Amino acid sequence: MEYFVQLLLGGLTRGSIYALIALGYTMVYGIIELINFAHGEIYMIGAFTALIVSSVLTLYGFNEFAILVLASLIAVIYSASYGFTVEKIAYKPLRSAPRLSPLISAIGMSIFLQNYVLLAQTSDFLPFPALIPEFNFLKNYEHVFSSSELVIVLTTVIVMTILTLLIKFTKIGKAMRATAQDKKMAMLVGINVNRIISVTFIIGSSLAAIGGILIASHIGQINFNIGFIAGIKAFTAAVLGGIGSIPGAVLGGFVLGWTESFATGYVSSDYEDVFAFALLVLILIFRPAGILSVKCEV
Amino acid sequence: MLNLSEIKRSLLVSLWFIFLTFPIMVIRVNPIEKIVEWRWGNMLLVGIGSFVISFIWRYFIRQKELGLKKIEMGEKITPLLKKLAIRESKYVKSLFLTLVIAAVLFPFVFSTYQTTIMTTVLMYVVLGLGLNIVVGLAGLLDLGYVAFYAVGAYSYALLNYHFGLGFWTVLPLGAIMGAFFGILLGFPVLRLRGDYLAIVTLGFGEIIRLVLENWNEFSFGPSGIANIPRPSFPGIQFSLQQATVYQYFLTIGLAVFTIFVVNRLQDSRIGRAWIALREDEIACQAMGVDKVRTKLSAFALGATWAGMVGVMFAAKTTFINPASFTFIESALILSIVVLGGMGSVPGVIIGAFILILLPEYLRAFAEYRMLLFGAILVLMMVFRPQGIISNVRRTYELKGIQK
Amino acid sequence: MKCIMNKSCVTIFIIVVISLTLSCTKPDSQPVKVGVAGPHSGDLASYGLPSVKAAELVINEINEKGGVLGKKIELLIEDDVCKPELATNTATKLVSQNVHIILGHICSGATKAALGIYKDSKIPAISPSATNPALTQSGDYPNFFRTIASDDAQAKLEVDFALDVLKLKKIAVLHDKGDYGKGLAEFAKSFIEESGRAELVLYEGITPGAVDYSAVVQKIKASGAGAVIYGGYHPEASKIVMLMRKKKMDTILISDDGVKDITFIKVAGEYAEGVYATGPKDVSMNPLAIKANEAHKKTYGSDPGAFFLNAYAAVQAILNAIEKAGSTDYDKVTKALRTEYVETPLGKIRFDEKGDAIGVGFSMFQVKNGKYVEIN
């Protein structure tokens, strides 16, 4: 039983990370129907920026709390800026192009950003400081469920709630939903579509940065290559849950995390990814639009 | 062009990029040794670079918009490449002739290295054309095409290892295996559309690779299979150089055969059905096209070529392991198709030449080559989203009525 | 002919002329050409670049002294990104440039793909790092030599250490599904099963680059293994050992050369303490090794990277063999490689019939106070 609970908790953590990245995918896809392959790289840049900032701040002797806050803040700002710029350079000129062109542009951007960080920084793995503090109340359970795992899961749930509320009840959320449904109509009723798309990229990228910082701090190391696998898995999660749906992305992340965790725990980690993809195929055969296929949401 | 507001805009762009690249370009931390290195020179570089590039960028964007406007206003522009696509016989004939001569002379003029590279390019031409059937003609986004390539390569390697079958026996078998796996993938995804299809095919590609990696008893796992014989010719023992030239001509043969078949397929009944399916699935079904058969045939015929090239690949490198069949490879083949121009045969050929030769000749830039490769993909798409040679739909004009 | 006036025809002609002038390689056999092949870009560049530096250092030194056999030595450096399909291109390129001998390749897969081409062209290749046992033991590649011991020797050492020194009864074996890691793990598995003295409680592959490994760590815990033998590289190893320690497990980690890297200790920090790893015998006391390391520091301003000394030794062996053979003839050079001893940073070495270096082996190291210390 303890084994089962452990696997359940492990899958929950893993799924939360997928979910945080998947949210960005699902939002961008919802609005402009583009698989943003560069999203994984934004996540990596977020983690790298946090590492750089925290290293500099440590050198200047800031205390731990200030480092956590500043590093996360700056990393989020930078990831958002990168997301914004990537959209302006690689996707905006392609609004009216054939559907697959932005996809290739996205793949190109992903390769570019990876190599940019590789060249400007290093190809080696770098240790990432444990930014997330250890809570006292968890001290005796640290080996079952650590503080960083708790923070990861909580952040995901909070972010999902805020995002859902944002899209349901605010003006900008309404504008996003309108843009997602019909760009031309949205323009006609006076919505600045370009601005809405930019905002979507900024929000999605910020979430990726948060995911990047949390996971890097949890596993303690990063390199320029971490975005790729995480990106593909997150995209799988987004499709699994029903791409375009916010709760769907989170649910998809959890389902994927658990599948992998239990597949490793009860079968073999050799075929962990095979199970994940096989599950995806099965779900899509029976529910071709994902678990939570919501039509009208962003 | 060089007025004040333009300079101001570029200055803003340059400032934005200085801000954007600051942590990653300027600061390099070494958390292990606790050293922070400040590289202010890079900041200047980024500033000046982005200032200049923003001018060029805007100039080209303006040019592109001008071109679009012209088209909207009904002006017809038929550049050289487009004429080629419409198959104006005058150009095609002379170009074709030069190409044939160049292709035949190539291995005798250039070094073995150049011939190997050209063989690789031709293999990607065939792969691109195969994927073009699935993506370009039938409009089914396939991100796991490399799986069929792997199936072909492993067919040859394993059949040769266990049963000693030769290259010529396995080549058709590889094609059949490819087609079989194409149908295997086709069945479950019949109901899926667009990006759902994309992710499932991606998953399928990964599953094949993972099975090859994990199932040691079957595929020898990640250490791969070595000593795969090169293509044979009855009674002749080739030296390395001769074998390279021989293989080059084999690949040319395969490429020409593929071009011929794909061209014929396009105009055939099934080709028309694919295009109809791409344009509108529902209308297509209403017209009485059998959706299941059409889709499955697209997957199967697309995969056939990958299976054949897989066999050739195994014979060329003489060593294969699952690391050669990753998602990146699928993305590369897809890029060839999209960059060249979806659905267009000459487009795919040019796409393959650019994308395979580019990294090879960018070797001089060593570590910068992948960076440039990524940038070029983005730029090509931004400035020519329809691909280098866009597929020209055949149109019939009724001239008599207008008069 | 009409074709002459044609625009496209002219363009093609120009292209042909340009590429002709670019690609023509004059068969100038004056200098001795040494090809250096390995990953010099991409994610494995850190394994390939040190050998380029080693080759540059040795060859600059020799060239200053007047070269070998009175000829200057020229380096031809080519990138293969550790991919087999690119390695064949790299190899053909080097062959068409008439290289005499190769230092490389770095990864076993790329080496296997390239060796066939070198073999047909009668060019010897010496790898500083390709450890796949089949490369020498299969007998398929008479032109192959290496200055590093093969994987099975490493696996044997790991298993013997776990059985004889640590006296463990339950062992788990993990690998990263890669060429190197899985090959090693397979050997470890069969050695454990053959010995019959310990139970193999878990044998599994993990996905490199996955976001976390908590499920597999739970599995190790549930299996009750006393030690984990891990085949693979340091990034995954450090993640696993950190997770195990955070989950309050004291399972011993025994790993390989890919982990015996200073980065592992720096990344895993305090969690690295007590980890065992096999690696090439400690040669830091060897005066030649000290000299080589210092030369690297002086020229490049940093400490040398992975396989630097192996590559350094390989280049020295190459030059020694050419000198002793009196020419760059294939038969004479390979014979000299097999018979003539040479003083290198790895000690006094020559190669056996199969191509493995005699006098190069592995020993067991343990992390103590943030450093790898050799265990005798």
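Labels A, B and C are assigned to the chains in the order they are written; within every chain, residues are numbered from 1.
Going forward, a contact is a pair of C-beta atoms (placed from the backbone, for glycine too) under 8 Å apart; a residue touches a chain by one contact, two chains touch by 3 or more.
Quick caveat, the model's predicted, so the values are computed rather than measured.
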item	value
By count of C-beta pairs in contact, the leading pair of chains	A-B
Most remote chain, CA-based centroid, reference being subunit C	A
CA centroid of subunit B to CA centroid of subunit C, Å	32
Centroid spacing, where centroids are CA-atom means, of subunit A and subunit C in whole angstrom	36
Approximate Å spacing (C-alpha centroids) for the pair subunit A, subunit B	29
Contacts with two or more other chains, residues of subunit A listed in rising order	126-127, 270, 273
For subunit C, residues contacting two or more additional chains	42, 45, 177, 205, 263, 266-267
Where subunit B touches two or more other chains, by residue	32, 214, 367, 370
Subunit C residues within the subunit A interface of the complex	42-43, 45-46, 177, 204-207, 209-212, 214-216, 218-219, 222, 234-235, 238-239, 242-243, 246-248, 263, 266-269
Of all residues in subunit B, those that touch subunit C in their complex	32, 80, 91, 94-95, 97-99, 102, 109-114, 116-117, 120, 213-214, 216, 221-224, 226-227, 239-240, 243-244, 313, 316-321, 323-324, 360, 363, 366-367, 369-370
List of subunit B residues in touch with subunit A within their complex	16, 19-21, 23-25, 27-32, 34, 36, 42, 61, 64, 135, 141, 188-189, 191-193, 195-196, 198-200, 202-204, 206-207, 210-211, 214, 327, 331, 334-335, 338-339, 342, 367-368, 370-371, 373-378, 381-383, 385-387
Complex contacts: residues of subunit A adjacent to subunit B	29, 33, 35, 45, 48-49, 51-53, 55-56, 58-59, 74, 78, 81-82, 85, 89-90, 93-94, 97-98, 100-105, 107-117, 119-122, 126-129, 232, 235-236, 239, 243, 270-271, 273-274, 276-278, 280-281, 284-285, 288-290
Subunit B-facing residues of subunit C, complex	2-3, 6-9, 12, 16, 19-20, 23, 25, 40-42, 45, 78-79, 83-85, 88-89, 92-93, 95-97, 108-109, 112-113, 116-117, 120-121, 132, 134, 138, 140, 177-179, 182-183, 186, 205, 263, 266-267
